[in-house]
Amino acid sequence: MVTDAFFRPVSGFDLPRFAGVPSFMRLPHVPFDHPRFPEVQIGLIGAPWDGGTTNRPGPRHGPRQLRDLSTMIRAANGATWVAPFDLARCADLGDVAPNPADLMDSMARMEAFYDRVVAAGIRPLTAGGDHLCSLPILRSVAKARPVGLIQFDSHTDLNDIYFGTSRYNHGTPFRRAVEEGLVDPKRYCLIGIRGTAYGRDDWDFAAANGIRIIPIAEFHARGAEDVMAEAREIAGAGPTYVTYDIDFVDPTFAPGTGTPEVGGPNSWQALQVARGLRGLDVVGADLVEVSPPFDASGGTAWLGVNLMFEMLCVMAERVAVR
Amino acid sequence: MVTDAFFRPVSGFDLPRFAGVPSFMRLPHVPFDHPRFPEVQIGLIGAPWDGGTTNRPGPRHGPRQLRDLSTMIRAANGATWVAPFDLARCADLGDVAPNPADLMDSMARMEAFYDRVVAAGIRPLTAGGDHLCSLPILRSVAKARPVGLIQFDSHTDLNDIYFGTSRYNHGTPFRRAVEEGLVDPKRYCLIGIRGTAYGRDDWDFAAANGIRIIPIAEFHARGAEDVMAEAREIAGAGPTYVTYDIDFVDPTFAPGTGTPEVGGPNSWQALQVARGLRGLDVVGADLVEVSPPFDASGGTAWLGVNLMFEMLCVMAERVAVR
Amino acid sequence: MVTDAFFRPVSGFDLPRFAGVPSFMRLPHVPFDHPRFPEVQIGLIGAPWDGGTTNRPGPRHGPRQLRDLSTMIRAANGATWVAPFDLARCADLGDVAPNPADLMDSMARMEAFYDRVVAAGIRPLTAGGDHLCSLPILRSVAKARPVGLIQFDSHTDLNDIYFGTSRYNHGTPFRRAVEEGLVDPKRYCLIGIRGTAYGRDDWDFAAANGIRIIPIAEFHARGAEDVMAEAREIAGAGPTYVTYDIDFVDPTFAPGTGTPEVGGPNSWQALQVARGLRGLDVVGADLVEVSPPFDASGGTAWLGVNLMFEMLCVMAERVAVR
Amino acid sequence: MVTDAFFRPVSGFDLPRFAGVPSFMRLPHVPFDHPRFPEVQIGLIGAPWDGGTTNRPGPRHGPRQLRDLSTMIRAANGATWVAPFDLARCADLGDVAPNPADLMDSMARMEAFYDRVVAAGIRPLTAGGDHLCSLPILRSVAKARPVGLIQFDSHTDLNDIYFGTSRYNHGTPFRRAVEEGLVDPKRYCLIGIRGTAYGRDDWDFAAANGIRIIPIAEFHARGAEDVMAEAREIAGAGPTYVTYDIDFVDPTFAPGTGTPEVGGPNSWQALQVARGLRGLDVVGADLVEVSPPFDASGGTAWLGVNLMFEMLCVMAERVAVR
Amino acid sequence: MVTDAFFRPVSGFDLPRFAGVPSFMRLPHVPFDHPRFPEVQIGLIGAPWDGGTTNRPGPRHGPRQLRDLSTMIRAANGATWVAPFDLARCADLGDVAPNPADLMDSMARMEAFYDRVVAAGIRPLTAGGDHLCSLPILRSVAKARPVGLIQFDSHTDLNDIYFGTSRYNHGTPFRRAVEEGLVDPKRYCLIGIRGTAYGRDDWDFAAANGIRIIPIAEFHARGAEDVMAEAREIAGAGPTYVTYDIDFVDPTFAPGTGTPEVGGPNSWQALQVARGLRGLDVVGADLVEVSPPFDASGGTAWLGVNLMFEMLCVMAERVAVR
Amino acid sequence: MVTDAFFRPVSGFDLPRFAGVPSFMRLPHVPFDHPRFPEVQIGLIGAPWDGGTTNRPGPRHGPRQLRDLSTMIRAANGATWVAPFDLARCADLGDVAPNPADLMDSMARMEAFYDRVVAAGIRPLTAGGDHLCSLPILRSVAKARPVGLIQFDSHTDLNDIYFGTSRYNHGTPFRRAVEEGLVDPKRYCLIGIRGTAYGRDDWDFAAANGIRIIPIAEFHARGAEDVMAEAREIAGAGPTYVTYDIDFVDPTFAPGTGTPEVGGPNSWQALQVARGLRGLDVVGADLVEVSPPFDASGGTAWLGVNLMFEMLCVMAERVAVR
């Protein structure tokens, strides 16, 4: 039980939710040089970078808006009654500093940032940023050994090369991650794939490597709980990374994203799959592709923040039991 | 059968829906001093007041926008074929006059207004306004005896005190109503509760008083019809008030509200629960927390107006059979 | 198998989706005087006309926005793996030229345009425009013999006269089409009807002519697949026209339309019913009532374009097997 | 001095501006059959019709939004200290009932409506509607004799025929009005013309008839006061109609309109020209082309309402001195 | 010259403007209990409270959005080349904690907060909040002696009582401040007054007390520089408070506010008047009535932040010369 | 006089402005492989690339929206009566194909594209894209000899390095262009500079190279015509490139851009400066930084298209007289 007032978020009964300098979930802001940094167990991090975007940009603005909306989060999960801030010392570690006009430098900066986080024994929960952000994070989190991967997404992001030269973009991160040995393809499950397709090359790559894809029709037919039971089976007991692309959710529920695909899960199902992670050893997670310029009202970010909170609950329970 | 042309709304076959001074559902505007006021059976009323809002304000603008969108309503219910304007003499009674910068005076003004309505034997159907509006209405409607209460909501609104001093705000009205003896807690059912929680105090209050809470997970598991069968059972044959907070509905379907909670019912379910009130002795009803500044397009108000129409159909059938 | 590079759409792997002069699905623009016009098998056509609109106008802007969003469509259907551009020679035939301030002249212009299309043996897939557009199209497509009709809609559009004089508007096209012998009422099925009603006159017309109406409650109870099995049965093996009013879909998923009705199908169901057309001899189809001024973000058009793509897949399979 | 409480608008000190059924400027709603109709001196009228629109539609929604925003108007003009409701008995006469899908019938209905207004000795102040609305109004107002005309506009609206057949649309009303002898071209002044041009035909028509055009460059060079001095000179002492197309104003200040032209007057200049009408015998006036779908926030309507108020002040001073 | 790195804002050359936890102008966040609090010379403070709003609410959200946009501010004033962070130790002191449903308690909390700021010798620069916020601030800042006041506004805010009981709202603060002896009416100048008027009571109060009002027509006629020369003359050499209501600016330039009045200054003039404060002994300043719900894009807040920066430059020059 | 119908844009009298596949100004679409490409004299080109953006991205979507809005342009300039399509053979050459995730490859692709344009003797008029686009264009246009440069902008874009490594971004193009000898600094004039500053390094670079900067205060003091007389003097008789950053204009008039600076020119002044280019030998021009995600309504693009038309008029007059 975390009793140190320093690590308790501000309550909406004391300060209205719209007031105050916004940090993630009203947690303390603890940058690397803060004296209490070594005590943090779960670090909420912003990755304001969308240099890998091939279509509509904007996720660089995600962390700012997600932080803003996150001040509406209260202390306990009304569905599972998990109270994450009771279970683990959580903090807002601030943002990675990207280099918007230099893709390779940005990836190097991100990897270096997460190396420090991982070295401190902190489990990172990241607010992206586009999906390419997951690659440098995985390079840190999976430095020691490959991890399992659960990916909620409408696209496989297993493509190879775009526009003749581009090997690193938000359509390719997990192909690179498998190639680099960061992800164990046998413990890798993709959920929610849909929309029109360029071709079958990404699906062939998945099949050749033993990656399990659960397309949306199967998801709608089986339901979220059954699908998640299989996903937990695939990921198994080992360390697992979770990547949640907001475009997994139907674009009506999450319009603020760059490459929406219609016919996806609703907001209840979006929550259900996150709750379905319970019990996994989630060593890191991210919520990516929230693009505020395409949803000025913040509804997408509000859903995204709730998904981050659900993943945080799963991570906090795990940290607490260790 | 209402045959008096005065009480018939204007048809969209005669005057386009976008034309004309907007009154609720194109009914006659009948203020207290109108000669036909004594004939009214069901009064549609605007309560443009949101003084009890602790988070994002705006419902004070609800009646204006709800009235505007309501001119798109036609004469008959396409699902149940109930034609409320055939069954009861309905009218737009205008708006309560609030005092935006004086909370206690506003509550007193509201109670006085509804006292006149109730005294005239008119059943009020109110367009809010924030949820604190329900308290002064209940003080009038339940003046003679406690009423049953069915509350559609994502929050319990059973909290006690905010910010140290605030006992009357939109998070506390039904705790006050129970304390004041306006609502019979044994005949009180809350449906749709979800989202993160401050703690368990409001749930404890409900449990201690015998109030039935149906949280959203149970709602999704059982379905709207089964849940409403139980709700009708709880409310029973006695006089019952219905309060419909638009944030009961998932915020994707109803973004125009101040404290949205993701993962709620969709618009079809939103209609289903209102239709599920059929048979109850609904002595008054409200639709609250529609906040136009957060939904300029009016989609939330359009859904809200449809919900008002469904409640009106239930009320009109009851009035007709008396 | 279409191998001619001329008829292949541009790939998003070669040119970013946001680049280039926008044609429907990045197909070649082939107006009547283009040398390759005679080779076209399926023609995508814009009908930028909303002269029949009795409520909120705007569908005249539909083709422009639908064309814009359509550049996000890729080559293959990720659900059925149909690749329409492999199966049929498809092209963007451009827009019909309406006369915005002359209703009868606009209808005559439309009929003349489609006569040329039909005469060339091209199956038209139209992006409206309001629902009155379907009438002049049917006058061309059904010139030789009545056709079956499957209509996805929240309104029957079987009304008779508005405002005393108006026989041709977007609430009457299919009554006129039945009266003119363009549609075989025994092979005519309406799906999704809901909302408040003016009265029962349109339902009586349907009943008197043997038209099958599947209201939304039945749709929700039976599910999309079962309903579509019946619809295919009704339409049978003969030539069939499909008209898809975007207001069939719940307005939360498709806000950009003039006369929204709450409580409709979600985006997944919207796709399912289009896929359920598979096997029918679809001689023409349209997607109407997309109104960009009421959905600046383009989400409605993006769903609409996906529905056009699903209908195109069904049409292309049919063309390929001939 | 008007002392009759019936004709006094509700004050914002008594009822908040967002409350109440909205009538123009919170004046009493006095339809033709109202007992006090004969006492009205200046009638505010909505003309929700845009059937003459050749480009982006929407002004049919103008009266609803203008009425809504008009409840923010207070009792006195803060610049001139004219208090129009003290000077003349003003009322909201409601809306003309158009026929959205029948252009000629709509024009006939409008003319008949205004004939009743003019016959009652009421000076009409109209909220459009598109610019074609001015033609049937002029047919009533100028039935007895031609009137002078002051037109604030970015377009001449003196074109002849569009799309081969269209003689009556929002680009032609004043050519028709001159041809029909409703406007004395020697007493006709156009102010603010700008933007790209189809050609010179409309300017040639003006020149041939002695109509004075003050293009925007001249307006910017001379200033509003000097230009209005000339305009008053042209219109002279006789009865004069004023037509104010909101697209006279720069589209940044008035984005909610269908055919914006950049580089126009700002909001201060927009007010100045209306105040510059002072002293003219304004027998009727209109404010047209406010298109709410292109300005959901209502800023355009808010400016429009202020312009109506300025014209009302001029008209009321004239009525008072008679 | 401030050389301590702690008090230097983060540069956009080092960290992109969209990255990082947002504090005002990227200054350090220094709450009361921070060890460096005693060193602060100018404190930027958020006052997220709009309990005094009689019309459209929303300014409670102002500080959040102003802080967000303020990260786009760079180190030096490009017009005057003043570099405020070189001249004074500036910090973000965080937000006052209001009580949204208790007006009197909120005013007491604000006064207590500012008492601590003033006691520490810090000059406050506040981001509101509605205009009632200025009253509790003045109670602190003018505790020792009356101050001069320069008010940029479209309304006098010198009214007396609203709705029968409301003496404290955003239309009355400066009448109260004069009555309470906080402001020396002879050193008080209002600039920009316009719009329709309830009556003349507020002007009479000004005249009776020797308050100088410069209405908008005079402002437009004389120009910003001349007007500001007079304003400086009126305020004189003594301690002066500056209150900048964003509705001083034309609503096209600043739509995000609750009671807009058309025909105001443009953005260049808005800057000019702030620069015209140079040389005054500004002991405190505020920028109020920015209402994000009415300007989701943030343009109003962006202008507001620039105005805060201009006032900061004036204050920093004064602090530096002391 | 261009009489060839092929090069005449479609008239809005024949086809409504909202109809048809949108090309720039409704000109023929003439890609490199089109048989009439060699006849083109002025080529309108889209550069959908914003890889150099350090702050808010979006200009990659500019060409699509500018093309869309450009169909509202008519044949003649209503201010100068220049009819550019009579004077020069103009065509839409389509879009450059960028590589969104590879900055250096994108610059190479752009240079190669413009080399083909310049080699064909075509003067390019480009719709960006961000301001880095101007660098590869200048590398083509100024390949043979340095050009004069007139830059309308709120920023100098003369910075050196961002984020430690970034030499090529939208804040540096003209420093690079001067360093590369593409621009003659003595014939280079910047107009409109304003906003907060990082420091003085860019101004020092300008001073050291003899570049003339006209800051916004000077612009407002002297007026557009006087400033442009000086600019024409500086550029002289030699070949001159014009680059128009939409953020030159006040962000209220042009909100759709990534780095707005308040206090700029209004729309009339924006047009005036473009008209002030008349007489110069404009060998190429661009309009950059229009960012549709930040202005969904298209008002910014509409102004941008008008500015492109004004520059086209200047270019066409020059081509005609050769």
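Just so it is clear, A, B, C, D, E and F label the chains in written order, and each chain counts residues from 1 on its own.
The definition used in the following text is that a residue touches a chain if its C-beta (ideal position, glycine included) is under 8 Å from a C-beta of that chain, and two chains touch if they have at least 3 such contacts.
Remember, predicted model here, so these are calculated numbers, not experimental data.
Chemist: Spell out the chains that contact subunit E while also contacting subunit F.
Modeler: Expected: A, D.
Chemist: Shared touching chains for subunit B and subunit C?
Modeler: A, D
Chemist: Taking all residue numbers at the subunit B to subunit E contact, is the shared part over half or under half, that is, same or different?
Modeler: Interface between subunit B and subunit E is built from largely the same residues.
Chemist: What's the farthest chain from subunit B if centres are computed as the mean of the Cα atoms?
Modeler: Most remote chain from subunit B, centroid-wise, comes out as F.
Chemist: For the interface formed by E-F, which of the candidate pairs B-D, B-C or B-E is equivalent, sharing more than half of the contact pairs by residue number?
Modeler: Of the listed options, the interface copy of E-F is B-C.
Chemist: Farthest chain from subunit D, going by mean C-alpha coordinates, please.
Modeler: Of all chains, A has its centre farthest from that of subunit D.
Chemist: Using mean C-alpha positions as chain centres, tell me how far subunit A is from subunit F in Å, no decimals.
Modeler: Taking the mean C-alpha position of each chain, the two centres sit 40 Å apart.
Chemist: Could you please state the distance in Å, as a whole number, between where the Cα atoms of subunit B are centred and where those of subunit F are centred?
Modeler: 56
Chemist: Among all residues of subunit A, which ones touch two or more of the remaining chains?
Modeler: Where subunit A meets two or more other chains at a single residue, that happens at 14, 16, 18, 54-56, 60-61, 97, 100, 162-163, 252, 266, 294, 297.
Chemist: Check the chains against each other and report every pair that touches.
Modeler: Here the touching pairs of chains are A-B, A-C, A-E, A-F, B-C, B-D, B-E, C-D, C-F, D-E, D-F, E-F.
Chemist: So in the complex, the part of subunit A that touches subunit E is made up of which residues?
Modeler: Interface residues on the subunit A side: 14-16, 18-23, 29, 46, 48, 60-61, 63-64, 67-68, 92, 94-98, 100, 296-297.
Chemist: Over in the complex, which subunit A residues touch subunit F? Could you list them?
Modeler: 50-58, 60-61, 97, 99-103, 105, 162-166, 168-169, 293-294
Chemist: Quick one: in the complex, what on subunit E touches subunit F?
Modeler: It comes out as residues 11-14, 16-18, 72-79, 81, 252-253, 266-268, 270-271, 297, 299, 302-303, 306, 309.
Chemist: Could you list, by residue number, the parts of subunit C that touch subunit B in their complex?
Modeler: 54-56, 162-163, 193-200, 215-217, 220, 250-252, 255, 259-260, 262-264, 266, 294
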